[in-house]
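Encoded as structure tokens, the structure appears first; notes follow it.
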């Protein structure tokens, strides 16, 4: 198992290294898609829990899997596998596909590592590797939009890193717990798209090539979630204030994501807002866990499952969007897209029903006023999600087919299908029995059924009435913010250049030579000598 | 007060006169004269004070003999220098003591 | 026969003899004789030092009469340290001078006899324990030095020699007046006899004598503001002469001032007078350094550096006057170390400067470019000497500064600390002013010739010695303590 | 060979070659190179022996009395060996690099002579067994470095040299006063674990605080603590190997190392804490960290940006020292090594850009990653390490520094670290972006070494940065391994704190 | 006042006068002559102090030889001043 | 400035004279008396005249150095004459009367010098006075145009100039075997002093004359 663990982490790195040298580049490209296979195998085969100690690595690294880790590793590896496979076809005729592949593999190594690592420093290390390497994916196009997205992503990611680092250091000491929790929530929140920290997501998802976006949205976003799960004192400490705040933030994200998402035109951006919205559910759940630790054990299993569900669905959506982009939005493609869309919307018999039902149950026991509030709001949220999906399908449906469908259809479709299959089945396989029975109950199915239907209805009405959604730029609040900053920068005086200058000896002392020639005259020197003599006499005779 | 002490007092006065001359007179020849007068004053003090109790003291006398020889040696060297200076500059004064003295920068 | 081989009298007889013989041999001759004789003197000084370490300070009655009828010589630690310094500086300089005058013959005719007398005067002065005898050695020293300044001829050196002669004569005159007063008061000129007689209630003539003698010595030591004669004299003479004068001659009068202050007139010394001397020293440090920084001629720069370095010597007075004995000893050690280190370093610096001037054919800091390439060893020597002057470790100058700083801090006289530090930085400024130019490539139109190997190596030996002094200074201080009440 | 001589041999192994090299003719390239490399390898050999010995509890002390009560002491303890090893290893690489860099340049004998002297001084600083010895080598370092700074002889270089001297000699003077004062107060102050001053009577506290101020101010000049850092960015006019030496191996390190010695082995960390000296030191370090980073942001000149980065990074060491507790100590000390490795990589690379393509400014670096991938890779590793990206060396430092700050009860220092890391990213990442992601301009400013064959530049210019870049990765990645800098530092920290933990 | 004392006082007055005049008189030649006079007076003073050796030496060296040297120098000076532009 | 300087100098000089006078008038009795010691040791000195005893025996070391000073001064004068602008112009022919007088006086003066040297052991006189007379003879001859100027003394002359000092040094050093520098063996003290004085007389005479003659070298 040790070997396999190490292999899971080193396989992408080795493949990336092969890409560095021109000579071994073709081999690296060929192997690149399959780099997550060891990790996938590990996720399936590893005994739970298990641990590998590597004291010489970094600051003493512990690798291993627990139940949560296994699920995360499973879907992460799966998504990376699919995306890698997809990418091979997607970028087949790109000159810089090896560059993309390189960053792809580095990011992958980081992401897989995050799932596998158990100690704080190691987690941080892999998380940073993932975050930074992803920059290469985002700016792959080298377009202005991509660079802008990359820059904003990087700024936020780095700020997040620092918060995470601080949080990880702080969390070791109980006295700093509140500060640690805040740091961690905000730090990982950059990745999970907490409101206001979410601004980079739409830009990045829209700018990144489809396979990259798929892993960003599917796999990496959940790494932030995993960070929360690993390091927040969930189920241990009661932090009502922080918990409530996090829940509020979650609610805000859920609705805000939907609202702004509806005002998007790019599928990538829309999906990003969908992610922001979906991640709001996690915030809600974790906030609940902080508010009421006794609820956490149940919530944990739901959250893990939800993560699996959302990750696969989102990745599948992205791949689907990609397929549509390349091969036109044929009816079959739209049908394929509808599956994850429905799943996200929580339609009956999808994994969505499973996890949303579980979540509702988990949150039902919250103290007032949360229980009532959520009971009222969550259905609305489901409706919002469904609306968003309808809007997505509409946007994709209008996609003009690419001029030259060069990439092999199979190369794009096969990975997508794999993901669709996994989405359809995996959550059910992994779900605990109780959740499953509950989700399959009639009431749950009915509950789940109405929002998609209502959304479709609304969609049709909107289409008929030619409602035009207002347009909001991706990144929403970021736009005015950046304008303000640019204004300030123009206005702010440049830092004054400091000049270091020693007083030039010659200038400062222009007079010495004159005085010196005075001293040289016997008359002066003699008078001075006599004065010294007098002084000495006075001082030595004790008159002084 | 013994005669010797009287001469010693004279020596003090001569010393002061010589000193003033050495310091104030710009002309080198006069400086050399002044130095000799100053020296004579010291010699008088040496012998005068040494014999202030009236006894003849050969030790300061011998010292003064030595001193006189040293003085002529110094005088000769000084004169040689002064003459050389005269030949080189046309004046028997140090540059800083000349009426047309300019700031010396060496 | 053991008396015959006693190193002490030979240290005086030998240089007198070879100086006279060199004169007899004829103009410009006697260099080889001088080198051999100085080497012998060095051996004698070392032997004497060994005797002192073994059996303590010595008193030597010339003619067998003894004080106070006869003249006593005295060799204590301080005297022997100065003797060692003298021979240690003179030997490489003699080697240097042979090469220098071969390359630049102006003034070589009478260099050797004058040097012989100069060294005899120094050795005699350091060993003398008789005030009148010291007067004679002072005159011998002064005339020899003046003669050396003038040997190259020319307006500037002759003017400098004249000025120097007048200053030194006034100084000796004041000294002799002091001696007369002392003899008139006590009836003796022997230090050994006088020291127990002088106490704080001494008649007016004694402090008067002390003031006169000290003032005379300060004039001869070129302590600010009486440095007026020094830069032209030291800057204008041929390089080996400048080196001898800066390294040794002014040290001799400083040595005497120290002797008077710490021994003969100790009961009369006051803190105020010491502070006055220290203040003059401080002024010398600052003034000399600033002027050195402003010079455009290399040797004038080095000469002004001497003005500044003399100042450090006089900081010893306030640091050793009416303070706890340990602090005073430390200050004395520092002052003497400074004298020795400066002697070696300044000799090296003048020698190196002389080589550079010979090589470039002009005495101009602005035209030193290329020296670093052509004369690396010379430049290195200059740099090492500069290190000592700056008081940077590991050098004798540093040890000196350390000791002086230590006693300044210990006695709470922080103002001298400030002066020393500022002086060190200013020193760095002018030393690097030279080094910087010498590092530059040669300018078009300048020439940098090679110089004889002996020039380079003798300067280097001196510079190296000034550095090694810092690492191996302990025996010197051990020697210095001989004959001083613990 | 008996034990006391080993430390002396380490010093001599670069001193002697250096002195010989001075007087070699320009054209004796082979002999010079041989001497240089032999010296470096011999030194490493001696160090290896001592590393083994110290690990097994032995101590190597060379003592020579200079003046009564003042000894020259070379003492190879664990802390000394940390710095010695760093210097010796980096010296080897820098020498290799310099040989390639200066190929065909004038005055090489002088250059390598002073280069060797510089390293001699550094190992002396490292092994100094008391303040006197430390000061001695500290000043020697100043002197040996000056000719290297002005090596090019341009007006700018001379100006930089002047400023360098003014700062460092001034600092040296302060250090001297402090040292002499301390000797007067406490006698010979040997560096011993846990310090020795706590035995002084309590009335001396005021004086000791003042002395501390003097010492730190003196050392802070070389360590480039704000506001004493002005010389460092100026000095970047020196040739690249010299910059590498200044920033990574010798000068700034000597200052920082001195602060380490003063705090731990003169005052003793506990005593320093009780005199309330650590907090001001931490504040000074923090200001330096932030200010250096801020200034770096606005530099277009690559080496200047790196120089300001050094200002900031070296203060990390000081910050670590001022954190009361073993973890902070570990952070500070290990950064001494890590910063050296990373910064030397960066300067090597900057030199490569300048030498190969004539690139001196950040704005000229567009697309250089494709032209010089290996150099840029090395640069990237160095830069990312500086930011503190795991698993590179800088990460381990920052992790311990942060934890140390918390342990010392100074959580605000954590904020400083975070802010500084962000600033580091802000001035390094744009460089990486330009190098890797921007298309190249039509022509390089001054392409000196055309691309031929497999090498993007001269091999001797390429190998050292790659080696140090690998080291950057390895020291971070395998920080937990035995004999990694971190483990060695942990050994030191244990000994420092054991000295006063009853 | 004894005759001896009177002589001494007279001699002292003459010494002081000649010394002062030698240093203040405008003409260099006269100054030198006055100095020679001063030297001879000094010889007398030495005799009065019971120092015939010094008296002899002063007369021969102090007044005689020094005088000759000084006169020679004055002659040189005058010659130089007569041919200023040569 | 200048007037101020002058006034200050004069004032301080006067003050110094007054201080010196005051100090002399306030002197107590001697602590040590040397005349008695000189008298007591006169018999061992080898001469009968106390001043000569002090000069050549008790404080003979001073005299040794003093002779060196004298020679040194001449060296200095030589050094200058070497680089003098002095183009030795032929001296103007002296008055015949002066020449005759000089021819007559010179041998007489040599005789006087010999006498002074001899008498120095018992009465006032001695090497310095004798040397001075010799020198005076030289000056006289020079004035009469009977001696050439010395720009460059020849080897013989150099030997003569150095003779006194060398003899003195040799005697002083030889005395080291007796136990101390200049410690004359009791029996030979008189002859040795005479030997030294003879050498000195010659050298002092030559030197003093040289001081004049060398200077005159670049006179017309």
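Read from first to last, the chains carry the letters A, B, C, D, E and F; within each, the first residue is number 1.
Here is the rule we go by: a contact is a pair of C-beta atoms (placed from the backbone, for glycine too) under 8 Å apart; a residue touches a chain by one contact, two chains touch by 3 or more.
Remember, it's a predicted structure, so these values are computed and weren't measured experimentally.
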Just tell me the minimum hop count from chain E to chain F, counting one hop per pair of touching chains. 1
Most distant chain from chain B by Cα centroid: A
Count the C-beta pairs in contact for every pair of chains, then give the pair with the highest total. C-F
Would you identify the chain whose Cα-based centre sits farthest away from the centre of chain F? A
Based on mean C-alpha positions, which chain is nearest the centroid of every protein C-alpha shown? D
Taking each chain's mean CA coordinate, chain B and chain E are separated, in whole Å, by 12
So the centre of each chain is just the mean of its C-alpha atoms; given that, what is the distance between chain B and chain C in Å? 26
Centre to centre, by mean C-alpha position, how many angstrom separate chain A and chain B? 99
Please work out the Cα centroid separation of chain B and chain F, and write it as a whole number of Å. 17
Among chain F residues, those touching two or more other chains are 6, 9, 13, 16, 19-20, 24, 27, 30, 33-34, 38, 51, 58-59, 62, 66, 69, 72-73, 76, 80, 84, 128, 208, 211-212, 215
Give the residues of chain C that touch two or more other chains, as numbers and ranges in rising order. 132, 136, 139, 143, 146-147, 150, 153-154, 158, 163, 166, 170, 177, 181, 184-185, 187, 204, 208
Which positions in chain D touch two or more other chains at once? 162, 166
All touching chain pairs, where touch follows the definition stated at the start: A-B, A-C, A-D, A-F, B-C, B-E, B-F, C-D, C-F, E-F
Taking the touch rule as given, give the residues of chain C at its contact with chain D in the complex, in rising order. 333, 372-373, 376-377, 380, 383, 387, 390, 392-394, 398-399, 401-403, 405-406, 409-410, 417, 421, 424-425, 428, 432, 435-436, 439-441, 470-474, 477-478
Touching chain F in the complex, chain C uses residues 1, 3-4, 6, 9-10, 12-13, 16-17, 19-21, 23-24, 26-27, 60-65, 68-71, 107, 109-110, 113-114, 117, 120-121, 124, 132-133, 136-137, 139-140, 143-144, 146-147, 150-154, 158, 177, 181, 184-188, 193, 197, 203-205, 208
Would you mind writing out the residues of chain B in touch with chain A in their complex? 19, 22-24, 26, 31, 94, 96-97, 101, 103-105
Which chain F residues qualify as touching chain B in the complex? 6, 9-10, 13-14, 16-17, 20-21, 24-25, 27, 29-30, 33-35, 38, 50-51, 53-55, 58-59, 62-63, 66, 69-70, 72-74, 76-77, 80-81, 84-86, 128, 204, 208, 211-212, 214-215, 218
Which residues of chain F touch chain A once you look at their complex with the stated criterion? 2, 5-6, 8-9, 12-13, 15-16, 19
